[in-house]
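Two complexes are shown next, each including subunit A; its partner changes from subunit B in the first to subunit C in the second.
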Partner chain A sequence: MPVLNHFWHLMSPEWVLVIFGTLFLVLSAVPGGKNLRVGIGVLAVAGMAVALALVFQTLTALGPGMKVPVLIGLNGDVGLVVDPFSQILKVIFLVGGVITLLMSFKSLEVEKAWTGEYFTFITFAIFGMMVMASGNDLLTLWVGLETMALSVYVLAAYLRRKEHSVEGATKYFLLGAFSSGFYLYGASLIYGATGSVHLDAIRASLLQSVEQGGVKSIGFPMGAGLVIMAVALLFKAALVPFHWWTPDAYEGAITPVTAFMSVAPKAAAFAMAMRIFVVGLLPVSHLWVGLLAIVAILSMAWGNIAAMLQDNVKRMLAYSSIAHAGYALIGLVATGATGTDQGVRAVVFYLLAYAFMNLGAFGLVIYLQRDGSAGDSFEDFDGLVRRRPWMAALMIVFLLSLGGIPPTAGFMGKLLIFYAAVTAKLYLLAVVLAVTSVIGMYYYFRLILHMFLKEAETPAEVQAGRPLAFALSLCGLFVLAIGLYGQPFVDWVSRAALVVR
Partner chain B sequence: MLSYLPIGIFVAIALAIVPLTMGLGWLLRPKRYDPVKLEPYECGIEVHDTLRGKVSVHFYLVAVVFLVFDVETIFLLPWAVAFDRLKLFGFVEVVVFLALLVAAYVYVWMKGALRWEE
Partner chain C sequence: MPYLLSILTYLPLLAAVVVVFFPKDQTKAIKYFTTGFFFVEFLLTLPLWFGWDSAQAAAGAAHSMWAFEEGPTPWIASLGVTYHMGIDGVSMLLVLLTNFLGVLAAWSGWEYIKTREKEYYIWLLILQTGMLGVFCSLDFFLFYVFWEVMLVPMYFLIGIWGGPNKLYAAIKFFLYTLAGSVLMLVGILVLYFRTGAVNNGVNTFNLDVMYKVALESGLQWWVFGAFFLGFAIKVPMFPFHTWLPDAHVEAPTAGSVILAGVLLKMGTYGFYRFALPLLPDATLRWLPFLMTLAIIGVIYGAMVSLVQKDMKKLVAYSSVSHLGFCMAGMFALTTAGIKGSVMQMINHGISTGGLFLLVGIVYERMHTREIKLYGGLAKLMPVYATFFMIITLSSIGLPGLNGFVGEILILLGAYHMSAALLFSKSLIFFLAGGMLLGAAYMLWLYQRVFFGEVTNPHLEEHCKGHDMKAREWGYMIPLVLVAFWIGLYPKPVLDKMDKSVAFVISRMQPAIQKAEAAKGLTPPPVTPITETVIPPAEAAVPPAEAPAQAPAH
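Then we have the complex of A and B:
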C-alpha cells in the first residue's frame, strides 16, 4: 500500500515554502535590528522565486491533460494532485506573493513596522493556497483553506495599534470562522449523500445516481450540502451577498496586505471552488449553475454601484474587486452550463490578468503612502500627471485595464469571459457583464480625472524606492504585454483542464 | 410516518423532564431563606474579593501555548496506532511534524512567552 508515490518531488515548491517559512519564524524571534528583518524579506523574495522556478519546472514536465496523484492515503484515496491547472494557479499565487513582498518594503518602512513574522505569514499563506489549488478531497482542501485564512487574518490585523486595522481584521476573522464552519457542515452533508469526501468518488457516486434514477434522484442533503459549502467559498472569494467584511478589512489592513488579499486568496478561493464544482459536482451542475449565476449578477451590479459611492481609493478598489470576482464567476457558471473547460480557462486567465492590474493599482496607493497618511484618498492623486508623469501613466494603464479597455490585460480577460458566456448561451450574464463594466468605468475615470484636472494644493513628497518601482514596472509590463500580445498567455492558460471525461 | 414515533416520544419526554424535575423540587424542598444562599458558594472558603479582578495577560499566553502543544501532540497517537502500516513514510512525516513543533517552541521561547518576571 503506497502512501506517497514516486512523484512526490512534484511537491517541491510546497516543501521550499514550508522550510523557508519555518526558518523565517525562528529568525524573527532572534533579537536584532531592522537589518535582520529586511534580510528576512529579501530571503522571502528569494524563496518564492525558487518555488516559482520549481513550479514552472513541474509544469513543463506535465503533459497535456495529465493529473499526477502525489499523496495517496492507506485506502487508496488521492489527497493531493498535481496537474497543469494547479500549477498555473500556483504561478499566479507566487507571482502575487513576490510582487506583494517587493511592494511591502516601502510600506513597512513608512509604518516603521518591520517584523519577521510578516514574511512568515505571507509564506505560509501562499503554502495554504497551493494546497487549495492541488487538493483533491474536501478535507485536504479545507486544511489548505485554513492555513491560508489563519495567516491572512493575522496579516489583516498587522497594524495592531490602529483601530481600523483591528476592526477590519476582527470582522474578517469572525465571519471567516463562521464560513469555515459552514464549509465543514456542507462537506459533511455531501459526505452523507455520496459516501465519500474524495472528489473523484463523489463524482462517481453522483453519476451513478443520475444514471439510475435521473436528476430527480439527487436528494435534499446533497443540494443542501452543496449550497452551504458554496456559501463558504463565495465568502472567501468576497462575492455578494457574502462580501460585508471586504471593504473594512481591505481599508484597515496595511496596503500591501490589502493588495495581497484582493489577489491571491481570491484566486485560491476560485481555484478551490472550481476544483470542487467541476471535478466533484459537475454531474449535479443543475443544482449550482443558477445559484452561482445569481451571485455573479449581484456581485457585478452591487460591486460596481457601491464602488461609485466610495470616497476612499482602497474602499473603491475593494468594491471593484467584488465586481471583478463577479466577472470571473461567469466563467465557472459557463463551465457548469456546457461541461467544457472553456469557462475554467477563462477564469484562470482572468485571475492572471487581474493579479497584475490590481496589484499595480494598489502599488500606486503604496507609492503615495507617506508618514501619517496611507495615500488612499482621491485628493492624494491630484495633479499626479504633472508631478510624476511615469507613475501617473502606470496608474492610468492599471485603471484602464481594470475598466476593461483595450489594449490591456483586463480587456483580454473580459473578452474571454464574455466569449465563454456567449458560447454557453448565458446571454443575460454577458449583457450584465457589459453593462456593469460601463458603470465601472465611471469610478476608474473619476480617479484619472483627479490625476489630470485637479491640482494638489500642497503636493506631498513621496518616494518609490527600488523594489516598489520594480514591482510596478513589472505589473505595467505584464498588463500591456497580455493586452497587446495575449496569444502566448492564452495558449499557456489553455493547458488548464478540470473536466473529467 | 410511524417510524418517527420513537423520536416523537423521545422529544416529548425530553421536553417534559425539565418542568417535571423543577416542579417536583419546588414542591418537595424545604423553603428556608438565608443571606448565605445568595453567595456564589454556600460552603468552603469565604469570598473575600470582587469577581472582576484583573488577571495578568500572561496566564492567557501560557494557556494558549499549553493548549497548542497539548492538542498537537495528540496527533502522535493515530500515528502510533497505524505505525506498522505507515512504515518509513509515517516516521518521516512525524519527524517533520515534530521539527515544525520544535521550531514553534523555539520561537515562543525566544520571544519570551515563557518568562514570568517583568
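Then we have the complex of A and C:
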C-alpha cells in the first residue's frame, strides 16, 4: 500500500487539476445556458493558471539536482518524485494546455460543440502527463500514460458526428491500446531481468551486472523488454515507423485538439522516455542508442518527405510534427551515447520551443476556421498578408521557427540539438538533421507562398476573437524572445537536464 | 561615434518598422522616405572611410585587429555566444559598397515596382540590416544569424516582384543557400568545441578566440568541407551556380543589383574571413579542387555568357565568371592575389550592379531583354549607349577603369603563387583566357544591342526620344564616377586593406612554407615573413597604378 509522505504538497498542481477536472464533470451535468459553458471554459483556464503558478512555486523551492520522493511504497521504493526535470516539463504541458484552451473557444463556438466534458478531458490528460513526468517506476508511469491516452482518445473523437474524426480516433485508439499492451509486456520482461519495476532499482541492478559480467551479461529478456517498451513510447511520440495513426488522427480531430496532441502528449512521451531510458536504463545505453538513432533518422527523413506531399495544412503539420520528434530524439541519443546532460537539455529545450511555435502555427489554422470550413487548406491562406498583415507576420515567425531560421526559438532548439550531436560525435545524425530541415523549409515556404504571393479569389471573412488573438501573440512573443535572448531559457532548461546525474 | 556599427546595422530595421506604419496608398511618401533613409545611411557610413586611419591606429593601440570594435559582450553566456562587432579593411570596404548600392537600388525601383510598394521597401530595408550584420559580425553565431536572416527578404523580393518564373527561382535560391549554410553550422560547432582549450575551458563563438584554435589537419579538412558548402553556394562556384541565373533573371532590378553587388560577396568574404585564417592546412589541401572549380567557373561562365539570348541572363552568367576570378585570386594565397580578389569583389559590385541597372532601364521601356529584338539602340539613346559603354569597359577591365585594377592584381597574385601549389604555373593562362572571353561576350553584346540599323519598329517607338531620365542619370553617375576613381587612383582603397590582408597571409604562411619544404623548395628569399610585417604589400601596388594613368589622356 503506497503512502504519501510529508512532501505531498509538492503534488499540489496535480491535486488542483484533479479537483477542477471533476468539478467540470459535475458542472457539465447541470442544465444551463451558454453562460455556464463559457464559465466552465474560463474556469478551466483559471485552474490551469493556478496549477502553473504552483508548479513554478515548487520549482523555485527545489534546489539544483534535488529529487524529492513524494509517493513511497511500503518497501521504501519511490513511486513519484518531484525534481526540476518533472516540474519544467509540467510547465511545458500546462503552458500547452492554457494556450490550447484559449484557442479552443473559437473552434468550439464555430463547430457548435461546446461542452463541459471537453475541458474535463483536457484537464485529465494534463494530469496524466504530469504523472508521466514525475513517475519513478514503470507502473506509475503506465498509469499516467493511460490516464493521458484515454483522455486524448476521447478528445480525438470529439466531433463524433464527423466521419473522419471518428476514423482517425478509432485508428489512434486501436493502435494505442496495442502499444499500451506492448508497454506492459516490455515492462514485465524488464521486471523479470532486473527484479524490480523501480527505475532506481533497475539502474542499480543493471550497473551491478555490468560491473560483474560486462555488457555481455545483460540477457536477452532485458534487451527484448527494452525494445518492446520503446515501441510503445515511440508510438506515443509519433515516430517512424510507429506514426501511421498521426496524420489521420490529426486531420480528423478538432484543430485545437490537434494542436494539443502535437505538443503536449508528445512532450509527455518524451518525458517518460527520458525518465525510463536516462534514469533507469542508462547503464545499458548500448542496447538502445542505435535503435533510437535509426528511428530518429527515419522520422526526420520520412516526416519531412511526406509532409512535402500533403495538400492539407493539418496533415502537413502532422507529418512535420513527426520530423520534429525525430529532431528531438537526437538529443536522447546523444545522452545515451555520452551519458552527459547536454542531450536531455536539448530535448527539453526543443520541446519548449516546439510547443510555442507549433501551437502558433495551428492557431493560425484556427484563426482561418469558419462555418463550414476548417481553414486547413492551402488556399485558405491565399493572400493573407493583404487581408491581415499582422496575422501573416505572426505565421511567418512560426513557420520560420519551425524551419529553424534565426532569430527564432526553433533555431535555438536546433542549435542545441546540433550542439548535443556534435559533442557526442554523432556527425551522421547532425548531417541528416541539417539536410532534412532544408527539405522541411520547402513545405513551410509553400504556406508562406500562399500567404504572400497568391491572391485570394473570394476572401472569407474570419474573426480571431480575443482569447485566440491573445494566445497567438503569446506564442509569437515567446518564439521571438527565445530566439533573440535565449540565455534565461537555456539556463532554466539546464536545471531539468540534471536528471541525468 | 561609439556603437557606429550597431547603429548602421539596425537603423534599416528601425526604418522598416517606421514604414510599416505608413498608409499603404502613400506610395510616394514611402519611396521618398526609404530612398532618403538609404542616403542618410550611406552618409553615416562615410566616417568609416574617412576616419579609418585613426580608427585603425586606435585599434592597434588596444591590441585589436578590429576597428570600431564593440564587445565582446556575453549574449547567451551558457553557450558562449557573444555580441561582437567590428570591421577590418576588407569588411569596411564591403560595408561601404553595401550602403552605396543600397541607395542606388532603392532609387532604381521607383518606377519598376508598381505593386505592393510598401512591402517592397520594408523587405529591402530588412535585407540591408542582414547584409550589414554579416559584414560586421565577429562572432560566428551572430554571423550565422545575419547570414540566414538575409535569405528571407531576398526570397520575397524575388518571389513577389520577380519575372514570370519567380516562384521557382525564389524557392530555389532559398533552399540552395539554406542547404549550404545549415551544413556550415555543423562545421562551426566542431570548431566551437575546440575553443575551450585556448579560452580557459569555456567554449565560445567569438572569432578572436577561434583564431587561436589550431585544429588538427584531418579535422580541418572536414570543417573546411562544411564551410565550403556554405560559402561556395553563395559565391556561387561552379557547379553550385545554377540558382544564380534563375534568381537574377527573375529578380526585379534592385534585387539583381543587391544580389550581384553584395550577396555574392558574402561567399567570398566568408572564405576570406573564416575559411582561410581558421583552417590554413585544409585550405592548402582543398586548394587544387577549389582552384579547378574557380577556373572552370571563369571559363564556363564566360562561354555560357557568349551564347545567351537574354541580356540579364548574360550578365548573370558573367557574374559566375567574375566570381571565379575572385576565388582564383584569393586562393593564389599571395598578398596581391587576395587584394586583387577583394578589389574584384568591389568592382564586380559596381560594374555588374551598373549593368543590371542599365538593363533595367531599357527593360522599363521595351519590356523585353531579348538581345535580338534590339540593335541600333545607339542612334535612339546616345546617352544611354555611352553609359553602357563605360560600364561595359569597366566590366572587361580596360585600364583606367576599375575592373582593370582588380584583374591585374589577381594576375600578379597568380604569377607570384607559391611553386608548391598546384596551378602555380598555369593559373595565369587560364585567367587571361577568361579575360579574353569576357571582353568577347561583353563587346559582342554591345555590338548587337547598340550598333547596326534599327530593325525592330517597337524599339523606335518606345526608345526614341526616351533617353536617360534625370533619375536614371542620378543613379548611374555615381557608379561611373566610382569606376573612374578606382581605375585611376586605387591606392587609397588598396591601402585600407593592407593590414587585414597581411593578417590572412600571415595565417597562411606556415602552411605554405610546410608545403614548400615538403616539395624541397626553399621559400623565395625576397619575402622574409614575420608575424606582423608583410613586405609584398607595397610590391603589389605600383604596377596597378602605373598603367592606370595611360588612358586618361
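Before moving on, here are some points about what is shown:
Following the convention adopted for this analysis, the second predicted complex is superposed on the first by the 495 of 501 C-alpha atoms of A that agree within 3 Å, B and C clash if a C-alpha of one lies under 4 Å from a C-alpha of the other, contacts with A are read in each partner's own complex, and residues count from 1 in each chain.
Assume a residue touches a chain if its C-beta (ideal position, glycine included) is under 8 Å from a C-beta of that chain, and two chains touch if they have at least 3 such contacts.
This structure is a prediction, so every number in the text was calculated from the model and none was measured.
Of the two partner chains placed by superposition, only subunit C is touched by A:Tyr419; subunit B is not. Between subunit B and subunit C, C touches the greater number of residues of subunit A. When the two structures are aligned on the shared chain, A:Met441 is found in touch with subunit C, with no touch to subunit B.
Of the two partner chains, subunit B is the only one touched by A:Ala29; subunit C is not. On the side of subunit A, the complex with subunit B involves touching residues 1, 3-4, 18, 22, 25-26, 28-31, 74. Subunit B makes touch with subunit A in their complex at residues 82, 85-87, 89-90, 99-100, 103-104, 106-107, 109-111.
Touching subunit A in their complex are the following residues of subunit C: 74-79, 119, 144-145, 148-149, 151-152, 155-156, 159-160, 166-167, 171, 174-175, 178-179, 182-183, 185-186, 189-190, 193.
Subunit A meets subunit C in the complex at residues 385, 396, 400, 404-407, 411, 415-416, 418-419, 422-423, 427, 430-431, 434-435, 437-438, 441-442, 445, 449, 452-453, 485-487, 490-491, 494.
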